[in-house]
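Before anything else, here is the set of structures, which you'll find just below.
Below are two complexes that have chain A in common, paired first with chain B and then with chain C.
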Partner chain A sequence: MPIELATEVPLVIETLERLFQPSTIARIIVEGLGKAAVYFVLAVGLTLVFGLMGVLNFTHGAMAMLGAYIGGLVMVLSVSDGTDALVRIALFMVVLAVVFALLTGFGSAFEYSLIRPIYDRTPMYQILLTFGVALILEEVTRIVVLSQGIQPEPPWSGAMGTAPAVFTERYDILGAPIRGLYAFEIVLGIVAVVGVWLFLNRTLYGLYIRAGSEDPEMVEALGIDVRQAFTIVFGLGTGLAGIGGVLLMWDPLWGPSALLAIDVLLYAFVVVIIGGLGSFKGTVVAAILVGIADSFTTWLFATGIVTFTGLPELTIFGLLVIMLIIRPQGLYGVEEVGGH
Partner chain B sequence: MSFLELEDVQTYYGESHVLQGVTLDVEEQEIVALIGRNGVGKTTTLRSILQLTPPREGTIRYKGEEIGGKDTHEVSNDGIGWVPEERRMFGYLTVEENIRVAVKPDDDFEAQREYVYSLFPALDEFSEKEARNLSGGQQQMLAIARGMVGQNELLLVDEPSEGLAPMIVDQVVDALETASEDTTMVLVEQNFPLAMELADRFYLIDHGTVVESGSTEGVTADDERIRRYLSA
Partner chain C sequence: MSSSDEHWIRSYGRDQFPHVLVVLGFALYPILLGVLNRTPVASEASAFLPGLTFMIIVLYMGLFAISFDFISGYTGYLSFGHAAFYGTGAYFVVLAANGQVPGVPEGMPFMITMFLGATLAFVVALAIGAVSFRLTGVYFAMLTLGFAQVMYEFIRHWGYVSSNPTEGATIPSGADMSIGVPFVDSLNFAVGRLSGDSFENVLGLGIDISATMTSYYALGIVVLLSYFVMQRIIHSPFGKVMIAIRENEERARAVGYNVFWYKMGAFATSAFFAAIAGALFAAYAGGASPDNSFYFLVTADALIMAIIGGIGTLAGPLFGALFHEWFEDILSTESDGLSTYLEQLLPESVLTAEVAGLTINDFIGTFLDGRAPLYLGIIFVLFVLFVPNGLLGSIRDRLGGTVSKRIPAALERYRR
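What follows is the complex of A and B.
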């Protein structure tokens, strides 16, 4: 079909005019940073595990799914209609800590019992094992939530409904109506970035992890128990995935569902690959890129400029493809990372 | 009882039988050189001592204690340092962080750092520089320094002069001589004159077994028993 310039050109001009309005820019940036914060938390555990251990952990999305459901369960059981917003937020913070502790322990036990025995085999064994466990976790979750009368998909609205009104309402920022949740996610994302950075750069264990990401055998030869470090880092990576899941619990575009096991994994991999496997800085930058791209394409769709519903996903995976073609090691990755 | 004793050590890479019964001993404060052509098992001997490539048979005793079967980090914490072939710096860590990784958590880092900087003042100058940005000679200094911290009493040094300009090799020799004042050393070195200059005794390895040994005093590459094994 020939492009009708008479109608297309004015549409492009109108889109550009709307795009460069302060309200649009504010909306894209704030929502984009909110999404970036969640993507960072979801991806950073994956990149830590790959950077140190060379293990592509396909259970990562399933762990986020567990985090979302556990968080949802605690919130649904603890919150009633009359529960104050501050109490809800305080409960949410407790849930974050509990889910982090639970899943860190679970991840450590998983690494110790199932992954450790196959380190000496080819990476394909680790991929098959983690993928298989991810499928098991997803299916068991489906069975459990169904037995409790909750549909595993679409997202569990009961859990999403525990969000305080302050997060579901929209606030005017430079004329743009922006959901309160995004500001909360940005704050938590900054805390997560600073926390992980401090751990990696200001603690002795973080130093061992950075050294081990380059050469785990050398680290072992310097007297550090690298296997123990593997267990701890895998646990921490799993705990961070769980926190990411809890963040998704109140997100209107996600929410607790069995679909998180695959969806989260895909987004986390996109961020990790664009940033560079094993790179903390790359994960931060890639999360912002993906978050802003997601926010921009969501705006295009929401304003009716584009009617294709899959545009955000198409754009994000398009970024991934472009990165793999022009810079396969990612923005900050080195060509060979990982210990195995 | 020797400081380090290897007895009939047999090590494999998969099905490849690399060390076919290495027996040697090292006395305290000695420098012992392992010499031989490429691929005869010198590096594998060091890796076997560290349990990086654990032997399938034979015994390795360090200060009278059997260390076979231990994990590498346990062997390291017993006081055995490693200066590996090609240096293997943590390139994205600074000089100081490279040293920090090597200092045992219970040791006084400040004291250890001052100790190595006093031995290698050039490292102090570059302490905040990432190791990948150092020259080959500076990296070798750092590798030796990293092997010396952590209260190590035995240092396994693999090809320290490899790929370095002659002038830099002189600096590395000075560094190794400094290191040897405090530690016992097993040295793998392709540069035969250098190995003879540094070491008190040598073991000549061929096809995974010791074929000659003795004092380095007066030994030259023209020696018939040496030439037979070192010539290609």
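What follows is the complex of A and C.
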């Protein structure tokens, strides 16, 4: 099919004209950073666990799903129509803390009882084990949710409806209508980045993790109980997945559903691999990259410039493939971590 | 193991003894099912034995799981995006049947489009492998998964496939999906859930062969041939290098093998047979959708079957598939499973009796109907933890060699 210059060139120019308007740029950047914050929180636990232990945790998505449902449950039970926005946000913070504590404990118990016995096998068996557990968690969630009269898919609208009006309304930023939730997500994302950075660089366990990612045998030789560090870090990674799930609870693009178990996992993989497995800095950069790419392609589709409906998803996984072709170890990854 | 004065046919036959048993078992199963249905245990049989429709799934999913095992079990490279090849095969035959593949005229026999689709998957695998085999371990698994996911998202939104691409495409009702020798009508048997050939009073023996049965046998022959090709490759020098790569890739390279091309060859061959499995599935199901062909969970099913059956045993995944589908069958209501049986067996008063606020009926509905994934997940985890070699792998460990080598020798001992 020959490209017809008479129609193609004006279209490109028109696209560029529309792109370089302040309202468009504001929209792409704010929405992109909001999405990036979500991607970061979803992915960072996965990368911490992989960096220290070399275990690719397939339960990560299922844990986020649990977080979303537990969060949704608490919100639905405690919020009524007249509840004030500030109270809702305060409740949300309480839910974050509760879910983090619960899932950290659950993750630690899981690592201690099931993963610990198979560290001496090839990495494949850790993938298989966590994958199997993820299947079980998803099915159990489906049974429980259904028994309460809620459909496991599509997303649970009751929980999504507990979001305060300030987040569902759109605000005018440089002429672009942007949902309030994105600002909230960006704030939480920054808190998460700073929090994890402080944990890694200012605490003893952070030191263990950084050292353990470099050379676990040396760390062990220096008298540090690496096994115990594994259990704690696996728990923290799971807790972070839970926080990510709570964050998805109000997001109109996600919401609590059984589908999260796989969707979250796949997106978290993309972010982690683009950034480099085990790299904190890489995860931050990759989350921003993926978030902006997501909002840009969503804009392309929303304005009708591109009519292909699956463009955002295709772009995100396409980014993964391109990154792996040109730089297999990811942006900041160390070559051959988790190798054969 | 054979003595030198023995005729080669005898020793060959003895080596193939377990194969013959398994093939006979599969071939006679529909007849057994038919006979049982006329006996007093008919309701037990239909509740606890896999129905024929599930046995057909065993065949094509078994072949897919075998092809997955061919690359993952023998070279140690976990192909997490194997559904991409299964989907390629399935979509190719569906699009070809609709005349939508450029260069393939409408009405091309299914056997040829299946072969073309498999060849396409072979080429796609070479392209994916060229990139992916620069990496190992977890990275290889993730990269193949990434490619498969891109293809999944693309096919889900590609308007060319059908007007509603998320629902997939169907084979037009008039299309001839026959397995057999192309262009020889009498040696072709149409397959399909509803549209297959059926025969009444075969050879005047009073035996009726239903459309499902025709599909079962036709698919079975393709699966059998595919298995033997893969089995030959595994037992050839090429296959030995594949195993060497799994055990110690550095050493295989140091010995002088160009491991990259061995891996590429193994991956592409595996993709070829995965596409055959996909094509069989599409022909039988009368269409394909993204979620039952290209999706990650399709690979996951093959993975579960391979682990339960025994990874690195080639034949094991077929038994894994049998186990998987048997479980799906007895826990579903589609063809008289466990719940239907219990509902018929237990009197109404028991079914509605409450135990801690839960009636037996509720219990069946909540914990049995369609809950196979839950129990399969639990069984899968138990296998990973305690039976990492799977069913067939553990049997081989127990016997100290492959079944075909050990069973005849054991029989021989008893005869003397």
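Keep in mind that, in the parts below, the second predicted complex is superposed on the first by the 335 of 340 C-alpha atoms of A that agree within 3 Å, B and C clash if a C-alpha of one lies under 4 Å from a C-alpha of the other, contacts with A are read in each partner's own complex, and residues count from 1 in each chain.
Rule of thumb we're sticking to: a contact is a pair of C-beta atoms (placed from the backbone, for glycine too) under 8 Å apart; a residue touches a chain by one contact, two chains touch by 3 or more.
Everything numeric here is computed off the predicted structure, so don't read it as measured data.
Of the two partner chains, chain B is the only one touched by A:Y208; chain C is not.
If you count the residues of chain A touched by chain B and by chain C, you find the higher number for C.
After overlaying the two complexes on the shared chain, residue contacts for A:V270 are found with chain C alone; chain B is out of touch. In the superposition on chain A, A:L320 contacts chain C only, with no contact to chain B. In the superposed model, A:M124 makes contact with chain C only, not with chain B.
When both complexes are overlaid on chain A, the residue A:D225 reaches chain B alone and has no touch with chain C.
By the touch criterion defined above, A:G304 lies against neither chain B nor chain C after alignment on the C-alpha atoms of chain A. Once the two complexes are overlaid on the shared chain, A:E217 sits against chain B while remaining clear of chain C. The residues of chain B lying in touch with chain A in their complex are 50, 52, 71-73, 76-77, 82, 84, 88, 90-93, 97-98, 100-102, 104-105, 146, 150. By the touch criterion given at the top, residues 204, 207-208, 210-211, 214-215, 217-227 of chain A touch chain B in their complex. Only residues 50, 54, 56, 114, 117-118, 121-125, 127-129, 131-133, 135-136, 138-140, 143, 146-147, 262, 266, 269-270, 273, 277, 308-311, 313-314, 317-318, 320-321, 324-325, 328-329, 336, 338-340 of chain A touch chain C when the two sit together in their complex.
Against chain A, the residues of chain C that register as touching in their complex are 76, 78, 131-132, 134-143, 145-147, 149-150, 153-154, 156-157, 249, 296-297, 300, 303-304, 307, 366-367, 371, 373-374, 376-378, 380-381, 384-385, 388.
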